[in-house]
């Protein structure tokens, strides 16, 4: 093209091909709309290319690596086991490529057109897409903004070193760091600490805030850290990071004002997710933002411009793919006139560390704060037969309930299989289940599931595998 | 169309490329010439990939010289070739106007048919795409007024391919106008194979009873939008797409305006001397006694096409057309 | 022919002076002025591309890479001279005194942008290629007839030399000995068509031979060569010695316009390597550093001032009154014809909702 | 910043721009009227949301624009260009929200019926909302069911219309009326009773008044009489507040008069009838009726009614009706045609009297038949013996 704005008419444009974006695109296509998905780089977004999937390759690797001792104990014979991260990197890339082409063919099968480039809203009904020098123009009827989030780090940390890393870079490593300093109290930091500790790094974990869990989980977690020889420094804020002659020195400010410095071979920290809205031109359309600069939406995902929608990390709430996916589908359906609703009350929180943690609903502390007459029950995994035979005896299931109505308020678990088992908990919470709703169904035996059953039974002191002394602990 | 015809979904600009590809494949005599049409595939990508496919001998990047290459195209035409010349915008054709006016259009007459000029000039035209000055001109009447050249103007991908093939096959010069606003705005099923749309034949786009709206190029969509809005108000409009501006489809115009008795002509070109006036002459000649209201014209103004910041004031839109429809309907 | 038309350089790519005779004419002040203008127009150019991407202006023709040609030539002009630009020469017009706001208005599709500042003889950008050349000849010839010492400069590209208007313009100027400088910026590409497909000649300067006009082929990224050679040509014009053709060899880094994609027709690596080795701004900076003229701090302050000036112009642009439909009608004739008057009234009525 | 046409009442969907009250470039104060718009029901002025300068009109006079459209652009004082960061008021925060004690399936039932489940009281243990609660809410005390009416299924009706069948638009005022009427009938258990009233004396009183130069319409007399009755039976000048579990007795007697216009029914309101003379009422009634017929009623003139009167007598027909209450009012009274009829008087003689029927609908949740009959009895007495009104003079 040489001059002018030769514009192509589109029906729906989705900006951003992350999990939220592509779910929205395919759902909308399924509802009979013509969808154009604009992606600046790779479909799958942060989750597939940078975040969840790469990190899960590592957590899975560490979990399997840890098992080898147990496998030998059972009689599997093999030689020395070594963790080769270079091979793991290839495996990771292969899996990501497979998953990405899976999404691309899904889009194709659903007639979702993928356009590469950077999108900018030019008006409320027109968008420009820049790909190198190519600049294409589309008119649209509806748009979904799913541009995700960018990570932000405190000023003054120089990441231009192969030893001072952002959380995504650590999953690019091809060698196991000797002494790893991890800074952060979120699930990503915990996973990193756990993975590299399992693989043989000496890990120091610096917590800048309290752990985001029920107190029982936090307490057990600290015990596990001790057991796994992870050095934990609580309530500290990072001040400086310097990389000199192969050593990373981290300067910390502890809660009591004391300045400490720690030395290690590598440093990693997780950033804060902020909505990625720069350059997409929404400010000039005067789309309403929240106080924290997220896009303001209604419960269907509609922004202050009724035919522009926003989902995922550009909207407030936890920065999780699960949220974006739900919002994406809801927005597509709402566009088709279906009645939809997104309720993020019971977003399951999962930490794939060793042992895994999974939670949903209110913590004991939150439940008390909200004024419930709280009863809790904790069932240690140790009492579960299947856990015994797998030799995965760490962890417990804790249930929080309202003793006035028997309503289950929250479920918190740590132990092998927690990420899968939490689904039963989430389902129960969404059904507004009371204790009997959990106790009445039959649970497979032997399996980890029984830990959940017994935790619920424990609310009334009726769990068979909990010793009477423990039964009385139900408060 | 037979049900076995293979179809593909194309934008207008893709359909135009397709027409040229079909004709380049069919005959060695066909060749393309123009500025930036080779490596670059044309400033609107209308010749995208054709130089790679057919070679630099048949898809010629010319120097920046409209009078030169159109004059040369005339020379090739009278010496056995069927050149298809692209000017980047109708507004840039003026250096070549002399060549067209004084030669292309009268070679056959001058030589009693000994020399002929089977030349097609393709020209993107019209406003509405926020292009700079001159790029948005709509001066089709300068050519319909010129004896010896046919002027066609498709509004859809299907018609674009069929008309362009017909134009290339036509033994005389044809100016092929391409409304830029329609280039990529929508897609349509187009047969993969060769077919033609007859030059000189318009078509009924929407059937109706009360008012005839006559348009071409980018104004067809405007007319259709107005017809939809009029339907909401209880006025049934028949929309005609003339497709050929010289010679006009007299039969189509007459049959429609005799049915409705009320007519609105829409064009984005200037009012004075516009093709709309020739449409009016046909109505006057053939259908005077059928008329229930004076024909309304909705056109651009007698001003240069303004800079694009003022374009929306200049261009007829469905609101303006609707007002005219209501006026003739209420007359 | 290329031997007869050797590239004239005053400063080489490393920023070293290669023609000592100019030493006396080059002062710190002059180079600082050059630097300021180069930064100013480059800042504007980059901003304009980004404004287009945001839909805040329309299609835009960037000139990045050609700054020395435009600044050097425009600074050689005198206040009452005439400037006839093409659409890519607003670097020259703003250097010669056009307002940034008006240039932005032009690219936003507003006729108002074509109005030059009071007293400035800046004509509107020539959109159809080469059409401005005969105008410049005419305007220059008019100055000659009036008996002034004012001259005209006309800007055009390599592709323009293929148009009839180029040849007709040169011939007329030659015959009339019009005080005009034909300033050709040879950036090697007419949209996608490279010079070797545009013409058989290796140089543009040689075309002047046919019209018996003096010509010179200069390094268009060497601001000194551009400035001094343009001064000379203008001086000849003022002295009644007639026209000159200057071929200023340069390069546009980017696209033909923001709607164009240069990767379709050329390897952008070439642009990048030229940017690295032969950037007009870098060359001047190197020169200044060698001389110890203009420290970092001063340069940063110039960059900041220019950015501020451009931002201010953008603010003015966006605060500019909305398009007034009367503008379409009121300037077609000195007195509107009844047709135009009637069409105007109808439109205004409609806009008022009557 | 944009100034938009907001929904200024009664779920309007569009409005016509009558004229601008300011010019581009004007400096305006917050709340200064900027533009006059005309809706199905009234004329209204859009005020400036803040002090500033008018930058541009984005619509033109005479244009009809949907709610939500931008009418003009304004710039805030002190030239603040920054991006607006207002919070969209109608937004529900996705995050901190009360837990909904209902299964996802039950929530879907609510959603699909346009019910905001947060408004439904759960009957299950601990306040769990069951499917039945949703259905009950829909049938009995639906507040949000209105939504369903405003968004009729777009597809369902299409097939029913034959291509050449004549249609009349179901939009604007008509749609408003439809929605209000359905809403009222769905929420209020209506009870209607009839009474006949001898207006012979009133007619002759009226004639006497007229001869004396003081013309008073029957309608004005009825309204004043109703006000007297409402003072004695305030339950009919009330509003049911279910959320607070109380009936709010209104101190003002704001009596709406139903006016039949070309575009349909509209109910302008005479305020403070209890404080006004019959002459005032007569004058105001006339003015409001004219405004209603001309479509010139302002918003405030159709709002805040506490009781409605429908005088169908002048239409020269109908002897009874079951009027629909003008929600959220409690009662409505219709006056029917006056007709000479043979009546039996106290002396058992058959005499010719001018008789008029009235129909009264009331909300049976709030009042019972006994009270309603007492109300109409009292009204009958006041109308049959105009002199008795003297006792009510203040």
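Every chain is named by a letter (A, B, C and D) in the order it is written, and numbering of its residues begins at 1.
Throughout what follows, a contact is a pair of C-beta atoms (placed from the backbone, for glycine too) under 8 Å apart; a residue touches a chain by one contact, two chains touch by 3 or more.
If you're wondering where the values come from, they're calculated on a predicted model, not measured in any experiment.
Shared contact partners of chain B and chain C are A. Ranked by how far their CA centres sit from the centre of chain D, the chains are topped by C. Looking at contact counts per chain pair, the maximum sits at B-C.
Centroids of chain A and chain B (each the mean of its C-alpha atoms) stand 57 Å apart.
Note: centroid distance chain C to chain D, computed from Cα atoms, is 69 Å. Separation between the centroids of chain A and chain D, computed from CA atoms only, is 52 Å. Counting partner chains per residue, chain A shows two or more touched chains at residues 1-6.
Shown for chain B are the residues in touch with two or more other chains, namely 36, 43, 130-132, 135.
Touching chain pairs in this entry, ordered by label, are A-B, A-C, A-D, B-C, C-D. Contacts from chain A toward chain C in the complex involve residues 1-6, 120-123, 126, 128, 130, 132-135, 281, 284. Chain C meets chain A in the complex at residues 52-56, 58-59, 191, 254-263, 268.
For chain D in complex with chain A, the touching residues are 1-2, 68, 83-88, 90-95, 97, 99-104, 107-108, 111-112, 114, 125-126, 128, 154.
Remark: chain A residues 1-9, 139 touch chain B in the complex.
Taken in their complex, chain B has these residues touching chain A: 11, 36, 43-45, 88, 129-132, 135, 180-181, 183-186.
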